[in-house]
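Listed next: structures, encoded as structure tokens.
Two complexes, one shared chain (chain A), two partners (chain B, chain C).
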Partner chain A sequence: LPLARIKKIMKSDPSVRMISWEAPLLFAKACEFFILELTARSWIHTDLSKRRTLQRSDIIHGVSRVEAFDFLIDVLPRDEIKP
Partner chain B sequence: MGDKNDDNLSLPKATVSKLIKEILPQEVKCSNETRDLILECCVEFIHLISSEANDICGKDNKRTIAPEHVIKALKELGFGDYIQKVTEVYDKHKLEVSTKTKSSKKFENLGKPTEQLIKEQQLLFAKARSAYQQSAEAQQLQQQQQLQLQQQGLQPPQTNPQLPNHSENNNNNQ
Partner chain C sequence: MSDSDLPNAIVNRIIKSSLPENVAIAKDSKLAISKAAKIWIHYLTAASIDFSQNAGRSTLLPKDVLQALEELDFESFKAPLEEFFSNYKIKEKEKEKKKEEEKKEREKENKDKENKDKDDNDKDDDENEDEKNNDKDGSDDK
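After this line comes the complex of A and B, so read on.
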């Protein structure tokens, strides 16, 4: 993931002042693992539903399984949860 | 280039798609909509960790978000599992960077200050100039001698002590 872009996202928070050069590097790796974990957990639901295409509802289910992902509640569309 | 507005700041879709494909089995697809949602989640993740790291940084009385602040933020927010893998990559990168700077510093620390290097350079230039001038003078001398020889050619032949010099000059010029 591009470090410059990550740095810009970090700086969109006005309270963030200076960022060491190493920080975006750590973020890039952490984001990678985040994407992998989120995708993997979502796929579990896709598989259970016997589908072969990951859908948004799968993401929502994947998120609901992990307490650490609670911060995503506001980002996710609520009307797409399918049982 | 693309959107630079803070509101629309995002991550490259192609990179995110690639990461998603890496973890999914070959036959499983991810729609673009779903990929975009994952992307949004990732941006939100950056905001979250960044904000927490910033708070930790402030409590540490520092003004710059350092790696240890990021690591602590990950731990505080329940992403402790990521820490080990993230620090592995970071340590590896640090090693690579320090190797690079070491090799570039090899040339900086030869022990001669810039001034001295400039003086030495000027000396070398002066030497080269004088060597060039000497060879130019030698050429002129050779031409004069040749002229003389030609003139002497019209006169009865005499032992010319300059002939050996003539061949020596030739060697010098080469």
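After this line comes the complex of A and C, so read on.
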């Protein structure tokens, strides 16, 4: 992931002042891990539902099952999923 | 959100690498994951800043990031991240070393070329001297 872009996103937080040169690099890699993790968790639900296309509902399920993903609940709310 | 998003091509490539070959992903899902990743950066940044501020620093350092990961329950990211980073530093060192060596090689080549040119010029000068002397003899007409 492009470091300049990562840095820009980081700096949009007003409480950010200076970042060491390593930070955007670490963030880029951590972000990659995050995408891998979120995708994998979502895929579990796709697979359980015997589908081959990952849908938004799968992502919502993935988010609801992992406590560490709670910060995404507003963006991917559980109530979007029809029972 | 007015600030920049992550590039779709790269995000999609990462998503694909996490899925088996025969799995497709709906377009809105790709966007949802990309958006989630951006929020993740904000989230991790805020947590990291907390640690740097608590330590009385105005610069966000790697250790702040690592502590933040642990704080946010992403401890499983720590080890691979540290490994990635130490490998990165090793590769950069090797690159630097290679650059230095190539630079020295080039400088040596240039020096050799200079010396060769100098010798050639000396030879040419001698030849020109001879020609000039010949001309002097023969071309006085205007």
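Following the convention adopted for this analysis, the second predicted complex is superposed on the first by the 78 of 83 C-alpha atoms of A that agree within 3 Å, B and C clash if a C-alpha of one lies under 4 Å from a C-alpha of the other, contacts with A are read in each partner's own complex, and residues count from 1 in each chain.
Convention: a residue touches a chain if its C-beta (ideal position, glycine included) is under 8 Å from a C-beta of that chain, and two chains touch if they have at least 3 such contacts.
What you see is a predicted model, and the numbers here were worked out from it, not measured in a lab.
Using the contact criterion defined above for the overlaid structures, shared-chain residue A:I73 touches neither chain B nor chain C, since it reaches no partner. In the superposition on chain A, A:L3 makes contact with neither chain B nor chain C.
Within the superposed three-chain model, A:I44 lies out of touch with both chain B and chain C [touch as defined at top].
Once the two complexes are overlaid on chain A, the chain A residues touched by chain B in the first and by chain C in the second are 1-2, 5-6, 8-10, 12-13, 15-20, 22-23, 25-27, 29-36, 38-40, 42-43, 46, 52-56, 58-59, 63, 67-68, 71-72, 75-76. Contact residues on chain B toward chain A in their complex (touch as defined above): 4, 6, 9-12, 15-16, 19-20, 22-25, 27-31, 33-34, 37-38, 40-51, 53-54, 63-67, 69-71, 74, 77-79, 81-82, 85-87, 89-90, 93-94.
Residues 1-2, 5-6, 8-10, 12-13, 15-20, 22-23, 25-27, 29-36, 38-40, 42-43, 46, 52-56, 58-59, 63, 67-68, 71-72, 75-76 of chain A are the ones touching chain C in the complex. Those residues of chain C that touch chain A in the shared complex are 3-4, 6-7, 10-11, 14-15, 17-20, 22-26, 28-29, 32-33, 35-46, 48-49, 53, 58-62, 65, 69, 72-74, 77, 80-81, 84-85, 88. Note for the complex: chain A touches chain B at residues 1-2, 5-6, 8-10, 12-13, 15-20, 22-23, 25-27, 29-36, 38-40, 42-43, 46-47, 52-56, 58-59, 63, 67-68, 71-72, 75-77.
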